[in-house]
Structure formats: structure tokens, C-alpha cells
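The first chain written gets the first letter, and so on, giving A, B and C; residue counts start at 1 in each chain.
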Amino acid sequence: MSIQIPLATASVETAKTVLSLRNIHTYIAGSHILQGISLDVTEGQTTVLLGRNGAGKSTTLRTTMGNLPAAQGSITLDGHELRGKPAYFAARQGVGFVPEDREVFVSLTVEENLKLAQRGGASRGAAGIEQAYTLFPDLRQARSRSAGAMSGGQQQMLAIARAMMNRNRVMLVDEPTKGLAPVVVKQLATIFESLRDEGETILLVEQNLEFAARVGHRFYVLDEGRIVHGGRMDELTRDPELLRRYIGV
Amino acid sequence: MSIRRPSLGVGTGAAVLVLLLLLPPLVGNTQLSLPTEIFLFAVFALTYDVLFGFTGLISFGHALFVGFGGYSIAVAMTGHGVAFWPALFIVLVTGLVVSTVTGVVALRTHGVYFAMVTLAFAQAAFTLAQSNIGNQTNGENGLTVSGAPNWLVGPTSQTHFYYVALAVLVCSFLLLRVFVHSPVGRVWQAIRENEQRSLMLGYRPFVYKLLAYVISGTLATLVGALDALFVGAVSTNLFTADVTIQLLLMVIIGGAGSLWGAMLGAALVRALDRYLNDLAGAGWVTNLPNWLHNTIGQPLLIFGVIYLLLIYFFPQGIAGLVQRRFPGASPVPQPGLGEVEGDALSARTEEIMPVDASSTPVIRS
Amino acid sequence: MSTFLTLTVSGISLAALFFMVSAGLSLIFGLMGILNFAHGAFFLWGAYIWFEVFNRTGNFPLALLAALAAGAVLGAVTERVFIRPIYRRPLSQILVTLGLGLVLTQLVIAIWGVQPQYFASIPGLSKTWRVGDFYVPSYKLFVIAIGIVVLAAVWTLLRYTRIGLIVRAGVENPAMVESLGINVRTVFLGVFALGAGLAALGGAVFAPYVNSTTTDMGQTVLLSAIIVVVLGGLGSYLGSAVGALVIGLAQIYVPYYTFQLETSSLWPHGWPTNIDSSAASLISLVLLVAILLIRPQGLMGLKLEPGGL
């Protein structure tokens, strides 16, 4: 039943695989949500996970993070096994997480949100926060305001900045454009383009195809808990049949 | 199941019943108070098991019904001179009304909130009884129960009460057995396993939970009245959490979700209670150091320790052990004490969070 | 007016006691999702440890510290031995804390007996100040002071330390805290110990307040604390302070003023007997049920306000 998808196609021969999922199965409350997911995330690239609502995209990220236990399979980061480890272990190994719906701490201030994420010494920490403010000037303005009082777009930027407070090997980003105004989506696209150009490694879940096409190198399509297609982003955008079949556009 | 192996369960049950029917002539009148007490508590345990074991509702206020039954009959018969049968009818109506009203309110909450609300109801009843509401309950001193017919509670009627209690137990068991094996019972168990899913299957969990709550509450109220007749007095202690926790202990010992387990649990707990009480009066025990003597005289401490050990090491109780031994025996449903899937940090919020958003706002979404 | 002031001082001092118990209850629930039904037993143990030490040494501050320490140890042991193995069994957690409460209470009965324990008056705190008709027992002022110190100390801890930051974030979303690389469970033990210690301190302070220790005071205070926490919003620290104030004042005002009503000419046939003594606790129970039904996030909703604790 499972379809074999060529992993890490030969587009960038020399590129190294940072994160790798093999045959991952995840159950939530007895339902078989992920049914054998295998995928690779290449260093310095943005890999996009596409698929309909309920296909298992967010579950894939949560399983990778360790927030949900995988019943079977393996998750490796630079060759080190993450499966069966708690979420804080994955984070300390260098997995940054920007969850769906942002999940910023609304009862903390913006700066407290950033401070919480810092795990290193204090001196490096101050510089880290300064860096975040440089990247997201909005946050500097709102530094002592409650994160709950910010707009959705600002919260999204805070969530991204928070995930970047430590040096990551890979960032898992779940639908950053969800529910945001087009102008904010454009802003985010610029941010992700610059992250891509700086060589950040990102696994991005995205429903907004235009956005995904703009920032992504490679893609996988998930359907009913399985990877049903994968390849280079430009191949997808040039194939309307593929788009209709898997994404419904 | 019962078609494949009818002999084991039904056979044992019939044998035990015959033995119990023959018991009075064998042991004599004076020895009947413990088994009678066990029969009554077995019904309490059965009613608690319907809620906890079969429907997955953790009530910390089941004492409400035990106490209400006792106080209803005491107030009716002693306070107002109502005759026995009309008084029982009053108890029945009281049980229906109290369980329906508290059920409609409490069942709008879920999980630990349900435990809190039911605890609050029992505590409110305790406070009312304690404060001698409307000059009916006589405050802390409680009430004696008088006016019962002589054939039932006279000095030579222990045998009669014994058979009445046994009959009530057998009827309750059969009634509840019919319920838990009916389609209704299957919905109860579906709710216990996963309320959200039962909702998606098109059932209205609220209605089914209310049914379980009302059946359980009304039956417990009736037997609470019988118990008050048997003891001859009621006190505000009947409303305390100690009563509820004792029922919880009985159900967990026997195995939540098993009717015969609940009855067995009631027998063990009451027998142990009686044994320890007798022991505390024995000469060599009174000579022990004070704290040790106190401990033996306080079965609740021992019960509490047993209760905790069971939750950690035998959450399925005796019924679970039996089932492991005889896989063909009547199946014991999982009482939901096992591990939850998923991360503990997120799993526990699901457990506590109300399912029906319209009835109770979500705390952490 | 002076009666009102006297009542108000009583109400605030009662609120200080409730706060000490509910602060821990609220934080433990917020962080770990456990409604600790054993919390009343920590309070009870605090009262009896205080009694034992005070009775032997006559040293009041030492006895308070002993109660605080004993409570913290009890809380730490509870978390480590009883709660930790069942983090993944939410149903069992509810059952276990109920059972623990029973066992701890029965242990007190086994050791000290069911009879109330009485003790000497507290040196330096047994005076009652009087201004006209306005009476203030100095012990009540002391209780209020302790309450304020505890409120400020824990607030500082939560507001200005990294542990406090983790706790506040953890109350909101423990899974996200973990995803940031923080092992949130390491702070569970500390919060449990702190909460239990505060409850025990509350018990120690409460015993002289009612001039005796009784074995049922744990159960009684647990219900009040649950009401306070639900009123203030589960997991909200400042919310429990406000909730405690509401319930503390209500439990003093309501019986007094219902008694006034009862004896007034408003009721020609007399008030339906003896409601006054239980009116306060009944009103709180009704309030509890109503809030759980209508607004389980608490009336205050402080948790959602900027910088809320």
C-alpha cells in the first residue's frame, strides 16, 4: 500500500541530510494518524510539507519534536536518535519549534517570552535578544507589552524569534501564515526568504501554496497519514495536475 | 461471552446464593448483622461502580445519596410519623428528585470539575444536616429511626432483615446487570473510553450519563434508607467524603467495571472493618503503644493504605486478576486507570478539559 | 461602623489563611493539572507539627518554621513518590490525591488522637486592641502580616526569577515550555514542595486563630480553598489572593448579617431556623458550583491579563 518515494533526490548532491524520519507511525487517542512517514530535510534548505487539513502535517512536526510519541520508526537529527526522547531533549539537540497557532505565552511580556527560550549564559543571551529585535523591529517596540495584546502577525514573529533564540540545526515551522492578513503574509515571506538565503534549515508546514512556492526548495505531499509525493518545489508549481490531485487547487 | 462459558460465572453465583440462603439457620440470628451490612454496602458499591467503573464518572459525593436516603426515612418516620411503606415511597421520590437535579447540574462539568461539584453537593448536604435545617435533622446529634414494622427490625427479626437485604442485593445486581449489558450500557462504556468519540457517533453523552447517575443515585438513596433502618439511627457522618472513599475502595478492590467485583470488594472491606474493630477491643491490643492501638482502631487508615497500593499496583482489582487467570471468564472492562497515550503534559489537559464547549468553557485551548 | 471594621479585620485575616492554602493549590493545578485533594492534609499536618513544637519549646517562630519545613518535605515526598509515577495516568492522580489526603489525616488521628489539642497563648500576640467599639485582636493583625509577607515573597519569586518565569509559562502551556528545551518537570517538585509548605504554614497559623487543633480542619479548609481557587481562576496566583479576600470576607459578613436579618422584624414568623451558621459555607458552595458551570476560568480572569500571575 505504501508508495515508495525517492528520498533526498539528487538535486543537490553534496548537501547533507540534517533531519530524517523513517517509517514513523503515530496514534492519537487510538486513531492511527501517521502511517509510516519517511522524509529527509536537507541542510540549508527549506522543505515544505503540503497536504489537506487532517492529513497529518502538524502531527508529523509534533512527533518530531517529541510532543507526541511515535509508536514505531526512527527520527534522527545528524544521525542521533530522537524518538522516545522528551521534547526538551530534541530542543537541546537543536530543533527549534514554531507551533501552529503560535502558542506564544500570552501572560508573559514579549521580552519574557524571548528570555524564557534562552538556555545559554546571560551575556550571550542579551545579544540574542538584541539580534531578535534587529530582525523584528516590531518586537522591540512591544518588548514590555503582554504577548497576548499583540496582533496575530506580531505573535507569529515572536514565535519565530523565540524559536531562533538558540542556535538550531533545524526549525520546524507550522503554518506561519494561518489566519494572517495578506500584507503580513508578504512580510513573513520576506523573512523566510532571508532565512533561506542565510542557510537556515527549515521544515515548513504550509497550506498557502504561493507562500510555499516562494520560500521552499523541496516539498512532500501528505495524504491520510502517508507521504504520497515529493520532489523539487518548481516541479510542483509547474504541474497543475499534481496540484489538483493533492492540494485541491 | 456468557454463551461460550456460562458455567463459571453463573455457576459460582448460584452456589454462593444457595449458601447465603442457607446461612441463617446454620449460624444463628446473632451472627447475621455482618452479612446483612455487607449486602447493603454491596448495593452501594454496585451503584458506585455503575458511575465510576462503567461510565467513567468520578464522583466524590456519592455519600449524598447514602445520607439523603437515611435522613429522608428518619425525618418521615420519626419526625412526622409516616408509616413504613409510604415513607419508602417518599424516599424513592426524594432519590429521583435529588439525583436528577444534582445530576443535571454536575454533569455539565467533566473530569476533576465533576469530582469537585459532587463533593460540594455532599458537603452542602452535610452543612444543612449539621445546622438542623428547618428543625428537622437535629444537628450534630443526628436522628434515631423508629416506627419500622416489627417483622423487619424487631429484636427477633434479624433473619427477616437478612433476607430482605439479600433480596435487595440480588434484585439490584440483576437490574444493573441488565442495564450494563443493554445497548445503554454499551454507550456508557463508550463514553468511559472516549466521550468525544461517542459524541461523534451520534450519541448524546449527557443523556446517557444522566441516566447512569439517576439510576445509581436513586438506588443508593433507597438502600441508604434501608441501612438507616438497619442501624436504627442516622448522623451527619453519612454525608462525609469518608463514606464515598470507602465505596471507591470497594470498587477498586473488586475491580472497577465488574459488578461481582464491587460486591466482593464490599464484603472484604466491611469484613475487615468489623475484624479490626473487634481486634481493637481485644486485651492484648489495648496494651499496645497508643499510636498502634489507635491505628488498629482506625480502619480508615488501613483502608487508605490498601487503596493507594491498589491504585499503583492493581488498578484492575480482583476482577482483573481473575480475568488474567481465566481469559475466558466474563470480560472486565478497563476502568481507565491505565496510562494515556500521548505526552503526559498534553494528555492530562485533554482529560480535564470539557468536551462539550457549549456546556463548559475550555480552560486552556 | 466599628462593628463593620471589626468584622472586616476578621475577614481579611481569614482571607490571609485561605490564601496560604489556595496559592499552592492553584499553582500545582495550573502547572501540573492536578487538583490536589491532599492539600487539606498538608494544612492539617502543619497545624499539628506546629502544636507539637510549640508545646515542647514554647518558641512560636520556631514552631512556625518547623511547620513550613515539614510541609515542604511532605510535599516533596508526595510529588516524588506518589505523583511522579502516575503523570501519565490522570484518572489515577485524582484518586491518589484523595487517598493520600485520607491517609495523612488518619495518621494525624493515629498519632495525636481525635480529641482537639489545646495550648498556651502565644507570647506577645494574645492582646486585643480596642479603639472605642472597634476591637482588633493582635493575633489577627499578625495573621494578616504573615499573609502579606507570603503574598509578596511568592510574587517576587514568580515575577523576578527564571524559575518563576518557567512556572508562569508552564501554567499557561507546559508542552510549549518543554519544546523550548526546558525540562519543566524539574520545577514540579519545587512547586509542590512550596505549595505544601505554604499550606502547612497556613495550618500552623490557623491553630492559634481558633485556639485549638482539630482533625477535621484539613477537610474543611480544603473545600474553602477549592472555592477560592475556582473563584480566582485555576492557576492564577493573584487570582487566588482576590478569591481568598472575597471568600474570607463573605464567611465573616454573611453569618453576622444574616443573623441581623433573622432577628429583625422583617420575618414575623422568624427566619427558618439556624441558617446563619451555615449560610456562609452554603453560599460559597453555591458560588463554587455556579462558577464551575458558567465560568470555570474563574471570575477574575486575571490569568489572561498582561503580565498576569
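Note that contacts are C-beta pairs under 8 Å (C-beta built on N, C-alpha and C of every residue); 3 or more make two chains touch, one makes a residue touch a chain.
Note that the structure is predicted; figures quoted are calculated from it, not measured.
When every chain is represented by the mean of its C-alpha atoms, the one lying closest to the mean of all protein C-alpha atoms is C.
Set against the C-alpha centre of chain B, every other chain centre is closer than that of A. Distance between chain A and chain C, defined via averaged C-alpha coordinates, is recorded as 44 Å. Taking each chain's centre as the average of its CA atoms, chain B and chain C sit 30 Å apart.
One inter-chain figure worth recording: chain A and chain B are separated by 51 Å, centre to centre, where each centre is the mean of the chain's CA atoms.
Residue positions of chain C touching 2 or more other chains, listed in rising order: 172-173, 175, 178, 184.
In chain A, the positions touching at least two other chains are 66-67, 87.
Of all residues in chain B, those touching 2 or more other chains are 343, 345-346, listed in ascending order. Of all residues in chain C, only 162, 165-166, 168-169, 171-173, 175-184, 303-309 touch chain A in the complex they form. The part of chain B that touches chain C in the complex is made up of residues 58, 60, 105, 108-109, 111-113, 115-117, 119-121, 123-124, 127-128, 130-135, 139, 240-242, 245, 248, 252, 290-291, 294-295, 298, 300-301, 303-305, 307-308, 311-312, 315, 336-340, 343-349, 351-352, 354, 360-361, 363-364. Across the interface of their complex, chain C is touched by residues 65-67, 86-88, 90-92, 97, 99, 103, 105-109, 112, 115-117, 119, 145-146, 148-149, 162, 166 of chain A.
Contacts from chain C toward chain B in the complex involve residues 32-35, 37, 82, 85-96, 98-100, 102-103, 106-107, 109-111, 113, 172-175, 178, 184, 219, 223, 226, 230, 234, 272-275, 277-278, 281-282, 285-286, 288-289, 292-293, 295-297.
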